[in-house]
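Each of the next two complexes has chain A plus one other chain: chain B in the first, chain C in the second.
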Partner chain A sequence: MIDVTLLQSEVTVGETLSGRMTWTASSQKQPKEIKISMGWRTEGRGEVDRQTVEEIRLGEDRFSANGAVYSDFNFPIPRSGPVSYDGSLIRIIWEVRIVVDMPGFFSRDDKETYGFRVLPQPILSDRSRSDGY
Partner chain B sequence: MGTDPYWAIGLSRNPFIAESLPEVPAALWIDRGFSAAPLVQTQRLVQILGEKGAGKTSHLKHWQQQAPGPYCYYPDGMARWKLPPVAAIAYWDEANRIPLPLLLQRFWQARQQQATIVAGTHADLSRWARLMGLTVQTIFLPALDVDALMAWAHLRIGAVRRSDLNPPQLVLSREQAAKIVAIAGSSWREAAVHLHIWAANAANAQRQMDSAGF
Partner chain C sequence: MKFEVSKNIKVQTLSSSPPQKTPEGFLLIDQDDAWSWGKFGFGLFFLLIWLGVSLPILIVALREIANATGPADWVGLLIPLLFTGLGLVGLLWFLRGLLMVYRIAPGELILSQWPLRMGETYQVRYRRQLRGGKRTTQAGQVAAKLVGYEWVRYRQGTDTRTDTSTFCEQSLPSGEVFAGSSKASLDFQFQIPLQGPPSFEASDNQIRWEIQVTLTLPKLVKDTSKFRLWVDPEVIQ
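For the complex of A and B:
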């Protein structure tokens, strides 16, 4: 079973998304690898575009005998974005995606995604600028 | 996912996103009178005629799931100079783009092999098919109507509802459906765009209300 806790549900471009992933075994099988990735994708009336921005891979050396794995992650959000967007025709969705690669040809990988929002940089007011901030 | 506007109306996503594959899942198929696949090995051209977005490719793909056979799409331009496949049943999409020499040769071969050719086309190919000795069946896809659109929208919305306990807060009214049919004409694709906009506006409006504490 996969569980992810994100420290932020919203993060500004240039900042870091932090969280913890926990995986517990539901069977005797140990995974070959757990991949934690962060990226964005489009969804709506058009071709899908997607990009993985950051990725962590946990190998077999990380898996304990009791079948539990956890990993903290800190993923920087690019200053160039893109920012999250919910439009009439298209959305830009940011997600943390967990894929647990299980061994065996007939085994199904465990997968979960956790959404969060990426916000633009706040615009400084003229008054703030004149105050030297 | 508390920040997702579609969660606010009981959905996991917009029901009308464009899918990456042209096939319509069986659970979301709307019968318009031509759901059964043509028979194989009939020495026949089955041509399905309709405007852009009317559902020709959807029908070809739906039939292919029932009666497997090679499928070939014809783009515009030089890439259309390729021989279409001939088999017990074969599916040609945008068949009106097939250059005439290739079309005639393949119709002739289909007759030799007693094949069934299923063609999605904007133009009537019956003259050429009969010339090469095939019988012809022509299907004209019916125009988009309000009842069909409402049934389809209901299926699509149901497919993305988050919970069986609470009904989605997105229901297409007959009045709204009629407006979309009037704009979209015979194009299901155009209707889907307008439905996507309608669902997105409803989701964003609900999220704003929730944020304002209503």
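For the complex of A and C:
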């Protein structure tokens, strides 16, 4: 079973998203690898665009005998964004995605996603920016 | 940390030409107004092939009607007439574009700052020069507007289609071009709305901001220049 706790539900570009992932085994099998990634994807009329911005891979050395795994993560959000958006044709969705890669050809990987919002950065009016003319 | 890019996503900057930094400010030029060997060369080649095929067929059809001893087959004339008509319309459109490039230089927009931010106000100068020392004989008009819209591309069967949805359209100050002028120019200011959204550019999904300027010079040109802006994910407070 996968559980993720995000310290923020909203984060500004340039800031860091922090959280903790916990995985507990529901069977005797140990996973080969757990991948924690953060990125964005689009939804709507257009073909899907997506980008993985940050990723952590947890190998077998991280798995304890009782089958529980936890990992803290701190993912910086790029200053260039994009920001979360909900429009007529396009939605931009940020999410943390957990994939637990189980061994065996017929085994199904565990997957969960957790959404959060990315906001633009507030800036104080900068009067020192010079006019071109 | 591993960085992974899916589906050939472009880096999130302007795919069209970024502005040139000049002593006047940040200069944007509407390349669609400019001469392009590719655009005009392809257009002329296509039209010559089109008319080269449809015109002889039309001439043959007309001769058959002229030489017919019985009732004339007017139906057989319709299709070559339609295709030749389309070709001639295309030729007129091509010549109009060529004439415009000959008469007037591409539109230019000079911005006080770049990139832009939400909630900030910018000073802008638009100008468009007549070529060859020409001057306007009648008064004309320049009208500008700020447009924000979503652009998407998708596949429907074997077809690739695009769609747009405008979320912001603001009329900006307009100006007059006096008779006897050698160029059109307009100074104005505009503000990117506080609520944005900021610009976004991926392969099949984009959020675009543009300044669109329509120049009307009677008996000379009526044309709209479009200048793509880039709005960062920053909001002025």
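Following the convention adopted for this analysis, the second predicted complex is superposed on the first by the 123 of 133 C-alpha atoms of A that agree within 3 Å, B and C clash if a C-alpha of one lies under 4 Å from a C-alpha of the other, contacts with A are read in each partner's own complex, and residues count from 1 in each chain.
Basically, a contact is a pair of C-beta atoms (placed from the backbone, for glycine too) under 8 Å apart; a residue touches a chain by one contact, two chains touch by 3 or more.
All values reported here derive from a predicted model rather than from experimental measurement.
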- Task: With the two complexes superposed on chain A, say which partner A:87 touches: chain B (first), chain C (second), both, or neither.
- Result: both
- Message: By the touch definition at the top of the document, which applies to A:44: first (chain B), second (chain C), both, or neither?
- Response: both
- With the two structures laid over each other on chain A, which partner does A:9 touch: chain B (first), chain C (second), both, or neither? first
- Mind telling me which of the two, chain B or chain C, contacts the most residues of chain A? C
- Message: Quick one: is A:23 in contact with chain B, with chain C, with both, or with neither? Answer first, second, both or neither.
- Response: neither
- Query: First (chain B), second (chain C), both or neither: which does A:124 touch?
  - Reply: second
- Message: One more residue to check, A:116. First (chain B), second (chain C), both or neither?
- Response: first
- Task: Name the contact category of A:63: first (chain B only), second (chain C only), both, or neither.
- Result: neither
- For chain A, what residues appear in both contact lists, the one with chain B and the one with chain C? 44-48, 87-89
- Using the touch rule from the top, collect the residues of chain A that touch chain C in their complex. 13, 37, 42, 44-57, 79-83, 85, 87-90, 92, 120-125, 129, 131-133
- Message: Considering only the defined contacts, which chain C positions touch chain A in the complex?
- Response: 1-7, 9, 12-13, 22-26, 110-113, 117-118, 120, 123, 125, 150, 152-155, 163-165, 167, 196-198, 200, 202-205, 207, 232-237
- Touching chain A in the complex: which residues of chain B? 1-5, 13-14, 16-18, 20, 192-193, 196-197, 200-201, 203-204
- Item | Residue ranges of chain A in contact with chain B within the complex | 9-10, 43-48, 84, 86-89, 91, 114-117
